[in-house]
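Next come two complexes, and both contain chain A; in the first it sits with chain B, in the second with chain C.
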Partner chain A sequence: MYILKLLLRNAFRHKLRTALTILSITIAILAFGLLRTFIGAWYAGVKASSANRLITRNAISLIFPLPLSYKDKIRQIDAVRRISYGNWFAGIYKDEKNFFANYAIEAKNYMALYPEFVLPPDQKEAFLRDRKGCVAGRKLVERYHWRIGDIVVLKSAVFPGNWEFVLRGIYHGRDESTDERVFFFHWDYLNEALKKTAPRRADQVGWYIVEVTDPNRAAEVAQAIDKTFKNSLAETLTETEKAFFLSFISMADAIIVAIQLVSFVVIIIIIAVAANTMAMTARERIGEYAIFKTLGFRGWRIAGMIIGESLLITMIGCLIGIALTPPAAKEFSKIVGTYFPTFRVEIETIYIDIGASILVGLCAAIIPTWRALKIRIADGLRRIG
Partner chain B sequence: MENQTPIVEIKHVNKSYRRGTHIIPVLENITLDIAEGEFLALMGPSGSGKSTLLNLIAALDQVDNGIIRVGGIDITVLSETELAAWRSVNVGFIFQFYNLIPVLTAFENVELPLLLTGLSRRERHEHVELALQVVNLASRMDHYPGQLSGGEQQRVAIARAIVTDPTILVADEPTGDLDRVSAEEILGLMDQLNRDSHKTIIMVTHDPRAAKKAHTIRYLDKGVLNNVHSQAAP
Partner chain C sequence: MGLPISYSFRNLWTRRLTTVLTASGMALVVFVFAAILMLAEGLRKTLVETGSYDNVVVVRKGSTSEVMSGVSRLQASIVETQPEVARGAEGQMLLAKEMVVLIALPKRGTNALSNVVIRGIGASSLALRPQVRLVEGRMPKPGLSEIIAGRSIAERFKGGGIGEILRFGMRDWRIVGIFDAGNTGFNSEIWGDADQLMQAFRRTVYSSVIFKLRDSSEFERVKKRIESDPRLTVDVKRENRYYAEQSERMAEFLRILGTALTVIFSLGAIIGAMITMYSAVATRTGEIGTMRALGFKKISILGAFIIEALFLGLIGGCLGLFLASFLQLLTISTMNFQTFSELAFSFTLTPGIVWKGLGFSLVMGFVGGVLPAIRASRMNIVESLRAV
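Now for the complex of A and B:
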């Protein structure tokens, strides 16, 4: 209790200096937390992926379609339980700034393949019945104030024209990582229109989603699918959903590495800030440390006082920073929410914040502690007066 | 005094400092016995080695060669850790600039050395209150050093020095930063501790008035201990 009291009083002996140091640490922890959350948001799709879902796409590139006829062949492969397919629609709602993901899907199997999109049974039925029907996530609906039965018009750059949909269902995510800003409609609706306007583009799908009976057989099934279409006009590349998302993320690898580097630079900066404060503190108090030594305090007790004070200051900054990160992330998600459907501060980020702060506190105290322990009592006492 | 058992025995002690490539001798072949219950004043011009000798006796510095025994223990052979433990039990320190911890109250400053003992909180508090009563500062125990006068701060320092009931008290210019009235009070207090509690006191001073309180005055000049000047206890 006595030592804790001493630590507290010492830490706030220079109130302005300590307050500024705490502020610096708070801002750094906040920045670090947001950067980590940003990286986490980038990987949200990977986290939400399922081990028993495979994605089959054109081996050349995702922008090249696959024939609809592949569906039955894939369905016949051993260990395939279910198959669905979809197309990226690239629809724009009113204005280009209103970006959200929108897909044409084979709805019946798709709904079964993605149980994390939870849709009330009556809405599901209404959606399946209506060829022009669509389903949107809860957050998307809230953003545009849509209601069931509303007509939603999308303009697509990939499939020219204005496309009208009737909102038949609003899904919510089963898991926190489930994206609630996606818009789905029937692939058949798109395909029928294409048959009339662009017949060469009809009966083509962007990708297949394949559910396997056993996740352990995913690799085997993927190989079997790709083997089936080897040397065909549209060879396939089949991979797990996780690998599929990771291949997307790998396109932005350099950016993520840069953000990770910046987040660690932030830690190095706060080490420098805290170390500077502790170095000034120790230099000013070298005489006091000599007094403690004179009275018989051993090195480990003096080291404990310096390290304790350093940890106290960094942990106060850290805790304030941690407390501010979720509200800051919430505000940040309003800006980037369109691109990152889940922008949530992970518990791991908080653990890393705490770990980094402890590291900062310890690193900042190394040189001051070493100096305090090395100083000869007689030399230290000479500095007083 | 001569017949009493020496509590401090100093035999052929040498001490020098290195400044760059130069070795500067500070103390040369010092031999001195200090009897238990003695009040010794060390005098001499600046740079004569008084404070260095005091630091050696109090185990704040180490000899180049020679022996220093305090209470029969040769402190020149003890390790840093052993010396720290030894100081906490055997030596009470009084400095010119009081050397109190500014963020601790008078009470907490006096309690500081007791943290190294196995005393309970209640026992520590009893000891602190008693020490503060001895220096007549019980009423100001909750004040911080910055709220006390120089004389009061030095009395707190004395309370801190005596709270562990050490074997010897070492005082380095205890009145050097005080006005005349406060200096008289402090010297009176030290004299009282010597007479009533039989504390052995070794005091470095420039002040002849302070030295008058001592039983014995030893002069140091250029690192050499000169004549003994005994005076009757006042």
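Now for the complex of A and C:
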């Protein structure tokens, strides 16, 4: 108890300096927390994926479609419970800046495959009845102030023309990680239009979503699907939903690695700032340490005092930083929210924050402690300022 | 004025540990600042140099990239008949009907799949892109399953080297040449005969038509004529504009990220400088009093401390830029969100970035030093002389 009081008194001897150091640690922890959250946002799709969903797409690459006829062949495969399919629509709402995911999907099975998209029964009914109907996530609807019954017009980069949809339902996410900014509509609506305007592109789907009866058999089913279409014009590549998202992320891994590196740079910067404060503090108090030694205090006591003070200062900064991270993340998500579905501070981030500040506190105390221990009593007493 | 300044410099040397710690904090901030600018510059340079001002790209209306686009043979022929299309030395049209698709290829080492652009080229494609040079092997012969790979594909993708074989579209394709396209996006592409590739991928339409203008100033006229032709539903863009648009979202992303990071980091470093300078002032109270008593003006004291802070910033800035300059050796390859395809670009250091980095470090030093300097200059002579 006594030692804690001493630490507190010592820490706030230079109020301005300590306050500034705490402030800079707060900023650093805040930045670190935001960067980790930012990295986490990339992986949101992976988190939201389900173990019993498989994605089948064209083996050449995503831009090549698969024939609609594959649907029945896949359904015949053992352990396949349900199948749905969709197309990436690449729709643009008014301006390219308004980016959100939009798919043409086979609705009935799709809704059953994604139980995390919760839609009120009456809205679901209305959506299924209206071929021009569409459903949008809660966040998306809030952003554009749509209401049920509104007509939404999208311009597609892949399918020429303006496409009109009637908003029939607003879903909300079952889990926190569910993406609430997806826009989907009936695949039939797209297909019927294509039959008239571009018959060669009709009856083609971008990907199949396959639900397996048992997640343990997912690998086996994936292999069976790919084997069925081996040596055909459109060979398939089937992966679990998780692997599918991970392969996307791995394409941009250079950026993620860069952000990760930068998040460690901020920790190093802050070690420099905190170490500086401690170095100055210890430098001023060399005389006192000499007196402590004269009084018979052992080296480890003095070391404990310096390290304790350093940890005290960093932990105060750390706690303020942690407290500020969630509101800051909220603000930040308003800026980059178009690119990422969820922007949530995870509990691991807080643990890493605390770990990082302990590291900063310890590193900052190394040189001053070493100096204080090394000083000979006579030298220390002789020194001024 | 001379004495306080030399006194300040020597103070930085005397308190080496503090100086080094503060300056290295700033150096890291300048490093991050410069790295992000260099990345954005590298991206910009790559995509801007990819396109040339005199070339025109024709894609389907509303398509943001060639991959999404489709131009039928009939439409392509109509574009071909425009009088503004330039002609080469042998009278051939400088116009290429190209097909662009993406294929997923495994990377060397990691085996991770990444999307690569395959471009089916015509006879004039190479002439339209003077920046592309064949460095090894030969061009693919029309009618054969042969392809050439860009340098960064050859280095980073499995089966991308010369003499190797890639399998896609139910055929084996032999790589007969490697081309170098300097700093451009073509380095991340694979080229082959358009007719062969269209067969293999069962495509009946081209992706884009590219031609060189007979006279650069005729762009508006040809754009208006093509876009208002009822038989064509296409967009006409200058090639450099077309590639710049593809990088817009990525550049925006880098810009937001970069600004946010730099602002936050620089706050930390400024506070670090402030702590250092406040303590420099506090420990030298007596000395400041002495100097004032000797007749040095307030303004000299203010100047001395500000110069000390600026110098501290400058050390950090130079160190940070020195570290950042090594980044030029790195090449980043990542997916461009807008085109969905692999793009390789490198950190590029320009004199502009050097000046910005140095300016930024001086600003950090100044902001960190100005308050402590003011405190130093306002000290009461008698009281400060009394403090030991």
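Worth a mention:
Here, the second predicted complex is superposed on the first by the 383 of 385 C-alpha atoms of A that agree within 3 Å, B and C clash if a C-alpha of one lies under 4 Å from a C-alpha of the other, contacts with A are read in each partner's own complex, and residues count from 1 in each chain.
Here is the rule we use: a residue touches a chain if its C-beta (ideal position, glycine included) is under 8 Å from a C-beta of that chain, and two chains touch if they have at least 3 such contacts.
Since the structure is predicted, the reported quantities are computational estimates derived from the model, not experimental observations.
When the two complexes are overlaid on chain A, chain B and chain C sit side by side with no clash. Applying the stated contact rule after C-alpha superposition, one finds that A:R298 touches chain B and leaves chain C untouched. Touch criterion met: A:I63 reaches chain C, while chain B stays clear of it.
Measured by the number of chain A residues touched, the leading partner among chain B and chain C is C. When the two complexes are laid over each other on chain A, the CA centres of chain B and chain C sit 90 degrees apart as seen from the CA centre of chain A, to the nearest 10. In the superposition on chain A, contact of A:G287 is made with chain B only, not with chain C.
In the superposition on chain A, no contact is made by A:L4 with either chain B or chain C. When the shared chain is aligned, chain B comes close enough to touch A:R376, but chain C does not.
When the two structures are aligned on the shared chain, A:A112 is found in touch with neither chain B nor chain C. Shared-chain residue A:P160: touches chain C; no touch with chain B. The minimum CA-CA separation between chain B and chain C in the overlaid arrangement is 12 Å, rounded to the whole angstrom. Across the superposed pair, chain B and chain C both touch chain A at residues 384-385. The part of chain B that touches chain A in the complex is made up of residues 52, 55, 58, 60-61, 80-81, 84-89, 93, 95-97, 99, 101-104, 108, 111-113, 115-116, 160, 177.
Remark: chain A residues 2, 5-6, 9-10, 13, 287-288, 291-299, 376-378, 381, 384-385 touch chain B in the complex. By the touch criterion stated above, chain C contacts chain A in their complex at residues 15, 17-18, 21-22, 24-25, 28-29, 31-32, 39, 60-65, 67-68, 101-104, 110, 112-115, 168-170, 201-202, 204, 233, 249, 253, 256-257, 260-261, 264-265, 267-269, 271-272, 274-276, 278-279, 282-283, 332-335, 337, 340, 342, 388. Contact residues on chain A toward chain C in their complex (touch as defined above): 14, 16-17, 20-21, 23-24, 27-28, 30-31, 34-35, 59-64, 90, 92, 96, 99, 155-158, 160, 200, 231, 233, 237, 247, 250-255, 258-259, 262, 265-266, 268-270, 272-273, 275-277, 279-280, 283-284, 332, 335-336, 339, 367, 384-385.
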